[in-house]
Each structure stands twice: as C-alpha cells, then as structure tokens.
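The structure under discussion appears below in the form of structure tokens.
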Amino acid sequence: MKQYKEKIMKGVFLTAACTSILAVILICAFLFMNGLPAIGEIGPVKFLAGERWMPKNGFFGIFPMIMGSLYITAGAIIVGVPVGIFTAVFMAKFCSGKLYKILKPAVDLLAGIPSVVYGFFGMVVLVPMVRNIFGGNGNSILTASLLLGIMILPTIIGVSESAIRAVPDSYYEGSLALGASHERSVFFTVLPAAKSGILAGVVLGIGRAIGETMAVVMVAGNQARMPMELAKGVRTLTANIVLEMGYATDLHREALIATAVVLFVFILLINLSFSALKHKEEF
Amino acid sequence: MESKIKVQNLDLYYGDFKALKAINLDISPNEITAFIGPSGCGKSTLLKSLNRMNDLVEGCKITGKVTLDGEDIYGDMDINLLRKRVGMVFQKPNPFPMSVYDNVAYGPRTHGVRNKAQLDEIVEKSLRNAAIWDELKDRLKKSAMGLSGGQQQRLCIARALAVEPEVLLMDEPTSALDPISTSKIEDLAAELKSKYTIIMVTHNMQQAVRISDKTAFFLLGEVVEYGKSDQLFSMPKDQRTEDYITGRFG
Amino acid sequence: MESKIKVQNLDLYYGDFKALKAINLDISPNEITAFIGPSGCGKSTLLKSLNRMNDLVEGCKITGKVTLDGEDIYGDMDINLLRKRVGMVFQKPNPFPMSVYDNVAYGPRTHGVRNKAQLDEIVEKSLRNAAIWDELKDRLKKSAMGLSGGQQQRLCIARALAVEPEVLLMDEPTSALDPISTSKIEDLAAELKSKYTIIMVTHNMQQAVRISDKTAFFLLGEVVEYGKSDQLFSMPKDQRTEDYITGRFG
Amino acid sequence: GCGGKDEGKKAAGEDITVVSREDGSGTRGAFIELFGIEEKDSDGNKIDNTTTEAMITNSTSVMMTTIAENEAAIGYISLGSLNDTVKALKIDGAEPSTENVKNKTYKIVRPFNIVTNEKKLSNQAKDFMKFIMSKEGQEVVADNGYITVDDKASAYKAAGAKGKIVVAGSSSVTPVMEKLKEAYTALNKDVKIEVQQSDSTTGVTSTVDGVCDIGMASRELADSEVKKGVKPTVIAQDGIAVIVNKKNEVSELKSDQIKGIFTGEVISWGDVK
Amino acid sequence: MEAMTAKPLNGIKQVNKVTRKQRFSSYKRTPLSLLLYLLVLISTVFTAGILIYLIGYILVHGVPYLTKDLFSLKYTSTNVSLFPAMVNTVSMTALALLFAVPLGIFSAIYLVEYAKKGNRLVGIVRITAETLSGIPSIVYGLFGMLFFVTTLKWGLSILSGAATLAIMILPAVMRTSEEALKSVPDSFREGSFGLGAGKLRTVFQIVLPSAVPGILSGVILAVGRIVGETAALMYTAGTVAEIPSNVMGSGRTLSVHMYALSSEGLHINQSYATAVVLLIVVIVINAVSTFIAKRITKG
C-alpha cells in the first residue's frame, strides 16, 4: 500500500516536471506553425540579416531588432545584476532585523508594480534625466537598459537572497574565526556556496529582461533601424511584436510571430550557454 | 609569568538565560589549558567569548572583561585581527565547500599572502602539522566535502594553523578522531605550545591529564575549580570536581 | 546462536574508490559489537551498509550479501521497514529543525502512532533512556537547533530509540558527550542489549573494552580482526591489531 | 520634467523629436495619407516615407506623456483623447474641433469601424447595430467628441431584444462603445453586453473566429480579412490632432511643414517658425 | 550582522558591541572589505531610492483621486470603478497560484529528490523552464488565446487567463523551489531515512518545511508577475469590468484596468489611483502568503 503511494506520487512528480516541457512544446508548435512559413516566404537571410523593417512596403528585416535586444539585455544585466546581488547580500547579511522587516516587503512590492507604472516612471523620470545628461531625446538604449535593470531587481534580489540565507552558518563562522572580515567572509565563502541559487536568479532575471515589453516600449524610442549610439533610440524584438501586433494582418502578422520564433531561439541559446557554463565549472 | 588571556568577572547571557556566571580565569602563554565539564555547562560558550564568536549569536550579551596580552578584546581591538590572533577549531567540523587546498589557503589569502609558492608551502606545512598531509596530498584539488568526519576535522585544524595564530581555541578537536590521529594532534599540541597558547575543550579526562598544563572544571556556567592539571586530577580541592573526575557525579 | 546480521563477502565502491574489501562478519543478537580503527578506514561506511543508508550516496556500488535474521536486506525487503528495524545514530548530530518533542515523535508518527497520550509516553521514555529528559523536559516545545552539541547528540539517540528498532547502529554516539552522559549512554546500551542488537563505532578503546562483547578492527577497508573484545584487546592475533591498540601504530 | 527658465526659446532652436504611431495603426494610416507622407512610387505601390528617426509608440497615452515631457516633440492623437497636458496645433489655419471636422475645414480624420459576420450575427447584435446607427446612437457618438457618420438617422425603438452580445477589439473605439453600450442597455434591460478592449486586429480575428459578435477596428479592413466573410461598418469618424509640448512657441503649422517634419526633411524647430 | 540588535537586559551594560571606531579601524586594514561594504551600501541605497521614488510617485499621483466612486460595486464608464477588478485580481492570483505552485513545487521535488545525478531530464526541464521565463507576455497572450480560448473553447475567461499565467510563472516557482530544496542539508534526509521514513514522508515532513522560505520567495515573485500582468490577460481573460459569476466568465484585473483606463489617455488620474490600490493588494497578498508559509514551517 505504502509502496503503491510512493510509486504514484513519483509519477505525479515526474508528470509535473514534464509540464514545463509540454508547455514549451505547445508554445513552440504554435509559434513555429505560425511563424516559419513567413520566414520561408520572406527568405531566412533577408529576414534575419535584413536591416530594414517596413512592413507596409514589404521590407521585413529584423536584424536591427536582434541587435537592439542584445544591447538592451546586456545593459540591463550590467545595471541589474550587480545591484541586485549586492542588495541581496545587504538584506541577507548586513541589515538589522528591523530594517529587514521593512526592506523585504518593500522589495517584494517592487515585483508587483505593473510594467505600465514602470513605463510611466521611465517616461517622466529617466527619459528627461538621460536627455539632460547624455543629450538626444532621452528615449534611448541607455534609458531602456536602466529601466529594465531596475525592473529585474526584485527577481534577482528575491532569489539570490534566499539562496544566500540557505548557506549554512558554519561556513561564515569558519571564515570569521580565521580572522576574515565580515565582508570577506560573506563574499568569499557564503556567496560561492550560494552560487547555484544566485545564478538561477540571474537567469530568471535575464529572462524577465528579454521578455519584458510593456515598459521598454514606452522609453526605448522604438525606431526600427540599426541601433547607433547609447543615447539614441532602439527597438527590441519584443517591442516589435507588441507595437505592431494590434494592427498587423497577413504576412505582417506572421512576420511578427516569426519575430517571436527568433526570440524563442535566442532565449534557448542563452540558456544553453548558461547551462554549458555551469557544467564546465562543475568539473 | 604574565597571563596571555585574562578573563575578569565575565557574565554571559543568551537572552534571559545566564550561560556563564562570574568567570575569572588567567590563561598562561605557552601552555595547554583544558576545559572539562558535563555537557551544556558552558565550555564552548566561554571558548567562543575569547575570540568574540558569540557576537554572532542574536541576543547574546556579555559583561566583564577579557584581555589578550593586556589589551581589552571587547574594547577598541580590531575584531578580525583578534580572530586571526586567536584561532578556533569548531566542535562540528566545518570545511568550506571548496577544494582541500583552497580551504587551507583561505586564511593566508585573507591576510594578504598571494604568492603561489608561499601558499603551497603554508598549505603543505599546515596539513602536515595536522597529521593529514599523507592522506590528502593527492586530492588537494578535490572538494573537502567528500572527506570522512575525522579527515574534515583535521583539515579544519590545518586551516586554523595556516594563519599562525598566537592562541588556538579547540572545541573537542579530537572527538571525531581515532587514537592515532588523536595522539598526533596531541603531539602537535604539545609541540605547538612552545610557540602558541592552546585552550582545548575536551570530554576525555585522560586527554586532559595527558597533555594539559592547567585544567578548568565547569559546572552549570561556573568555573568550579581551576589549577594545574596534575593537582586538579590527583587531589581536587572541590568536592564537586572530585565527584566528576571519579565518575561519581549526578 | 543464530547471527542477527550476517555480512558475506561485501565490497563497496565510492565511484572508483574501493572503500570496503571482502567484508565477512556475523553479528550476534543481544550483544554489543564495537567497530574500531583509524579514521577513514571504512567503519561508518560498513555501518551504513547495514541499513542501506549508502543507497543515498550517488555512485556507491555494493556487491556481496547482507542478511538480517536470514533475510537478504538488499533483496526484496522493504527498505523503510529495514531502517525501522535497524535504527541509526549518526556521527554528526542531525536533529530536525523542529521542536524537541516533534523530533522524537517523528519516528513513531512515521510508523503510524497517532494517539497523543501514547506519543507523549514514547517521547518521555525515549528521552529518559537517552539520559536527557531532565535537561529538556521544560523545553520540549522549543526548537532542537538551539541545543548544545552533546544535547543534540543525545536527542538523536532518543529519536532513534523512539522507533524501537531491533538493531541499533551508532556512529561514535558519545564522541560529543561528557563522561557522565557517556556513561549513561553506555549503561543504556548495556541495558538495551537484552532486547536489541547494538553496533557501535568508537574511537575510544576503553569504551570498546568496557561495554562491547565483540570488536572488529578495521584497517584500510578491511576487517583485520574480529572476535570477543576481551580477547582482542588482551591478546590480539594480528600484529597490526596489536600495534593499533597499543598505540604503536603508523 | 527638466528645468530651465528660457525653455520656450531653447525649444525653438532645438532638433525636433518626431513621435509617430506604429506601422499599420489606423491613426498613422490616416495621418500619413492625409499629409502626403505616403506616396505612390513608379510601380503604383504606396510607400510610407515617415523618417526612420521617428520615435514609435502604440499608445495614445504614451504619445501624450512623451510630448508633455519633451519640449521638442511633435506627434498626433485622436481628437477624443485630447486634454490640456499638450497643445494641439492649428493646421492650415483650422482649429482641430468637432465642428471644423464636420464642416470639412479640418481634414484629418479616420473611421471607427465595427466588423460583423453577417451569417452568424445574433438578433440582439443586429438590434444593437441598429441602435448604433440610429439617431440616439449617433447622439452618443457626438456627445463624446467623435464625429457622426449620419446626422439624419431615424429614431431607434426598443424591440425587446434579449441575450448576450460580445464586442471586442480596438482600444480607440472602446470608450465610445462603452457609452453606446450603456445607452443601449438602459433601453434593453434583458441584453447583456461585454466590451473586450484589445486591438483592431484582435477585433477582426475574434469576429472571424466567433469569439465575439461585433469586432471594433480603428483602421480599414484588409482585403484578406474581408475575404474571410466579415463586413465593416463605419460608425463614427475620429479627428486626429497634431500635438506639441505646451511650452512650444509654435501653435500653427502648414500641411507641407508637417509633411517635412515627419519625412525627416525638416529637423529643427527653427526651420518652421 | 555583527552588530547586536537585541535590547539589553535591564541594567546590564554589555561589552560585546562592535563600535563604529572598531569597524573603521578594521576597514583601514582591509580596503577590499571597505570597497565591498560600500558597493553593498550603494546598491541598497539605489534600490531603496528607486523604491521610495516609485511608491511615492504612485501615491502622490494616485491618492488624491481615490474617491468613493472608484469603489462602486458596479463599473460604469463614468465612475470607472475598480472594485470588480480588485476582486478579479484576487481570484485570478489565487487560481493561477493554485495551478502553478503545486506544479512548480512538484517538479522541483522531482528534479531534486528523485532524478538521478546526470539525468538528462533535469537539464531539459531546467532549460525549458528558463526559456519559458524569457517568453514575452504578449506571446503568452497570443498563445493563450489560440490554445485555451479558441482550441480548448474556454473562451475569454478567468480560467483561460489563470491557466496562461500559471505557465508564465511556473519557472519562477519551480526554479526557486528547486534551489530551496537543494539547500536543505542531506543530514536531515539521512536522519529521516534512518528512522525508516519513506521518501514521500521525508520530502513532505522534513525537506519541504525547511525549504518553505525559499519557495515563498518564488511565490512572491510569481504574485508580483500575476498582479502586474496586462498583455497576457487582455487576450485570454478579456477586459470586462465586472465580477464574473464563475471562472468561465471574463473579467479584468487591476493591472488590466489600469491599462484600459490609461491607454487612451482619458482617465490617467484614475489609473494612478488604481495603482495605489494595486500596491495595497500586493502587500496584502504577500502578507497572507508569508503568514501561510510561517504556519507551514511551524508545522
């Protein structure tokens, strides 16, 4: 009887583990079915390497958007990952219980603020700030990176902090007892021990950065041409989809779904390289 | 002879619980001092007060004074330097989740040793001193987490030795060791005491007799008796000490 | 007399490393068997093979046969029932992060005891048997993580006793204990052996002499000598055993 | 926003920040067509000449906020959404207002469509459409700042319709549709109307798929959509206002100046003063 | 956490406090530590600054427009009541969590407790999960529309919306749970197995309770995502501003409500007021999750 239950539950767990695969397959099927024909029609090279996107006039090149996504994601990582990890360290290892009681729910709150609000915040605070400091009209790669960097903070902080907290105190104590400072103990014994959890947070955060749209669209400028300077506007793959899906028909619409296919492959590649990286480190 | 460590009128509370009561203790340099007493009597707690590891315990309050070479350790002294000078080996072995080599090199690196050759030398010397070099010399690059309990403990001793402390606090360092490793560690302690001051918590009275110069007997947070080991074990002054060492206790 | 546990030709590998070599051992019921030997020689490993705790270690391979009351434990036997029948106390105390009471009640609850009064009784009895009831009776509802090392270890013994195993495996159960608690545990072991079979890893040869009926001496993954404790310690047959017990080893 | 005392003057000499809507948008379609930003090439294909440096947004509110925050910006929005955070320009001397649209002095307008699938249309949906095109329905349109398509429509009479109607699509049409819904359900208590706000394309596809009864679109239908069996009906006209920052000194532009700005030929405010 | 925070026992002058002077003299010796400390501090101040600004911004713009009208039981185009959206937000969150949390935790349990090391499936599941986390919400919306709304014929409904969101938040729940489970020391598992407990019991009684804080952080992230989502919901749950009678009805959440109010620029003020309410809802939901989690850990 007990054996029976164990077996059944193991099956349940296995099934649960497979749902995310199933979901990816479903989404994949939907995307590829709707998107691949368009790539065929446009021509893969023209689609992926084309530098002009003018759907009304029959130009469907998404290369500028691929570059745009790369730039902005990289920018968001540069802003968000260090700030996020350092803040997580502060919350787990530096702050007093009282401060933590305020800070923790506040950071959680940051995760719950809708993208639209971030977008308006970006428009009225970050855009003028960047315009005044860096010139241009303010809707730029820089602004979008900054905003996205901020938006991925709660993900990175939340996951990293709990990973840091899960590290047994004995490591920290062992390091202190050798005369290492608090900071050194935290950064050189606790953080490495929490590596896997922090990496999970970073990957989730990057996923969030790539996938985030509503806010980016409000501050990035969205010009569908090759990105030029940091203070100039740019369009990302996701922005392309969000902007035009509402009015697109026929080939235009399919080309947008094909954009999602590219994005999907893009994310897959990032994740594969991350997991390869992790593997390499393990040996 | 000047005391190396002087504990004066130390009280320690964990929240409302008074774990140490009016402790007064002079630890002489270049000697081995043993702390004995039943489980829960406060040996580990006093030990941790000597390098301020109790600061980490939420709600732990200390009053009184502890001096190292006459300097108040709860005063202006740099806490990290204090802990470098007063090293510690814990009751439960706690190697870092890194390679054996990095475990031992961690301390020296912390204190500024960067030179590879020098580190290699420190690592080898420390592991040898902790009587574990031969077992581990071929797995220096392997994770320390895969070692047996006793190996982990000796690794932790090596790690503590690598920073060359003046005082070495050991919380039952040999409780997980076999007699051979134990006697190696004991020999090591005897050897080290020419340079260092050693304080060791132990449950093994034979060990205390064998290697310690002085012994402090703890009971319920108090030091009942403190004196030369041979005297304390052969003719204890306090009835409670006698009861304990003759096993007639409780 | 029938053996309680019979180990036949057991080899154990951790990956490529052969940790146990051709072990043959008959454990008699209602006796205390001691495993002694230097650190890293495989005592804990063999102990864990007796209730299949090594199954949890990735890459651990076992060949050979172990029987409990004649039944092959690596055969069809329900692994959980096996572990209920063959209880274990670990080298490092590992209380669960719950209250003292829940720690002890965990086992009985696992095996179907739901009745509050009955649980209370089991908890009290087990804690008493492990010589820790008086210290903990007022903090049964407090977390077990705040106990001292020795208290934690005794709690783990109580936890193991609470499921009333037939065989009790103890991996250095008293290494963290003071002499009084130690002698209580020893007394307890002596008392329990009328009902149970006990196997104990120890580094303390005095302890082995004092309480064990048989002793097995391990070296580098092999059983060098196995026999009645008084004989083994007074007139060892193997030179290596003699070297070890007289401290002339290595 | 940013500080500075002589902002008006600074803006005057500054590069223009052009803000446009996304490709395919009904608002953009009407705008580029009416200002001649869209031109036919030699093969007769329409070419959209909007400058690639134009910032793109897909939302009226983002357009307004961007322009309210940037003194050098220019853009365009639905007349119905206009408020005092931004300044609407006179075009060729004509004030953007409902009257001027009606009397054709202000020419920049786009249609609000509803889309139906004649074969599947329920009775209550038919009745609701009848209401929209009636005198009462067109009054609702006019009352909310949009331009009626039929001033001489006949009066509506409730015919006891009952059931549920799902209306879905364009977010631009949604506000007026909600008003229409409220006016209609006040007369027909047994009809329940759900208004689903998304976008024009979703409005059309939902109608094709049968997810909704009536679709809303703020653009013309594509041929391929009409082929799928849906029929558009214009229910209102929406004026388009060209807007700039309130601190901008410019308050009137000629059509060809706007064309110049949006095609990227004119890049400084100094050039249009 | 070197500094002591507990209140001193009455009348006792404790000596084990780290004074500021001690701290600074330490830093003089170890500049790296000082640098790290400053980085940590600056980052936190940055995060906290953003946080305060954002919340302040929302409050300043929203609170003045929190009128009684906004909380009318029924939505009309004049009162633009957010009450139905508030109710929908709570039910949407509950439903999506109901799908995703067990699913996420169960998958994590499989990956950590059951799958053998080097198991291919683990890698695949992890990569797919992380891929899911990078898919933009509008693609989720379109997918949900095509799959749940049209193919499964669930229509524009709370159920379709919650199912779509569940897939969207699955990675956050799963990965955080996985990490939380991994960080539970093996000695707990050994202890439990050693008492003859089966795998299931060990997992549910010993491992999971220890992992609750980690799992909670995933759940809270997920709550944030659900509550803040618009694009995915517009195409799956619809935007009807009413409380549907059951999960098969369409309804808008607060975030969608905000978007709907602001998109045409007609009710910007009310949309900020909605954001204020949204913040309060998030705080309440997070507090309730934390409370439940505490109850679970206590056993």
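As written, the chain order gives the labels A, B, C, D and E, with residue 1 at the start of each chain.
The definition used in the following text is that a residue touches a chain if its C-beta (ideal position, glycine included) is under 8 Å from a C-beta of that chain, and two chains touch if they have at least 3 such contacts.
The UniProt protein names, listed by chain, are A = Phosphate transport system permease protein; B, C = Phosphate ABC transporter, ATP-binding protein; E = Phosphate transport system permease protein PstA.
Model, not experiment: these values are computed from the prediction.
Shortest hop count from chain B to chain C along touching chains?
Minimum step count, chain B to chain C: 1.
Top contact pair of chains, counted by C-beta pairs?
A-E
Counting only C-alpha atoms to place each centre, which chain is farthest from chain B?
Comparing chain centres, D lies farthest from chain B.
Point out which chain occupies the most central position, where each centre is the mean of Cα atoms.
E
Determine the centre-to-centre distance between chain B and chain D, using the mean Cα coordinates as centres, and give it in whole Å.
One centre to the other, that is 80 Å.
Please report how many Å separate the Cα centroid of chain D from that of chain E, as a whole number.
Computed from C-alpha means, the inter-chain centre distance equals 37 Å.
Give, as an integer number of Å, the spacing between the C-alpha centres of chain D and chain A.
About 34 Å separates the centre of chain A from that of chain D.
Suppose each chain is reduced to the average of its Cα coordinates; what separation in Å results between chain A and chain E?
Averaging C-alpha atoms per chain gives centres 16 Å apart.
Would you please write down the residue numbers of chain C that are in contact with two or more other chains?
Each of 80, 92 in chain C touches at least two other chains.
Going by the contact rule already set, what residues in chain D reach two or more other chains?
Within chain D, residues 59, 198, 202 contact more than one other chain.
Send over the residues of chain E in touch with two or more other chains.
1-2, 5, 26, 30, 185, 198, 262
Touching residues of chain B toward chain E in the complex: what are they?
Chain B residues touching chain E: 11, 13, 15-16, 52, 54-56, 58-65, 74, 76-81.
Which bits of chain E are touching chain C when the two form their complex?
116-117, 185-198, 201, 205-206, 209-210, 299
Can you list the chain E residues touching chain B in their complex?
Touch residues, chain E against chain B: 1-2, 4-6, 8-9, 12-16, 18-19, 21-22, 25-26, 29-30.
Which chain C residues qualify as touching chain E in the complex?
Chain C reaches chain E through residues 51, 53, 56, 58-59, 80-85, 87-88, 90, 92, 94-98, 102, 106-107, 110-111, 156, 159-160, 163.
For chain C, which residues are in contact with chain B within the complex?
Listed in rising order, the residues are 36-41, 44, 91-93, 135, 148-151, 154, 172, 175-183, 203-206, 244, 247, 249-250.
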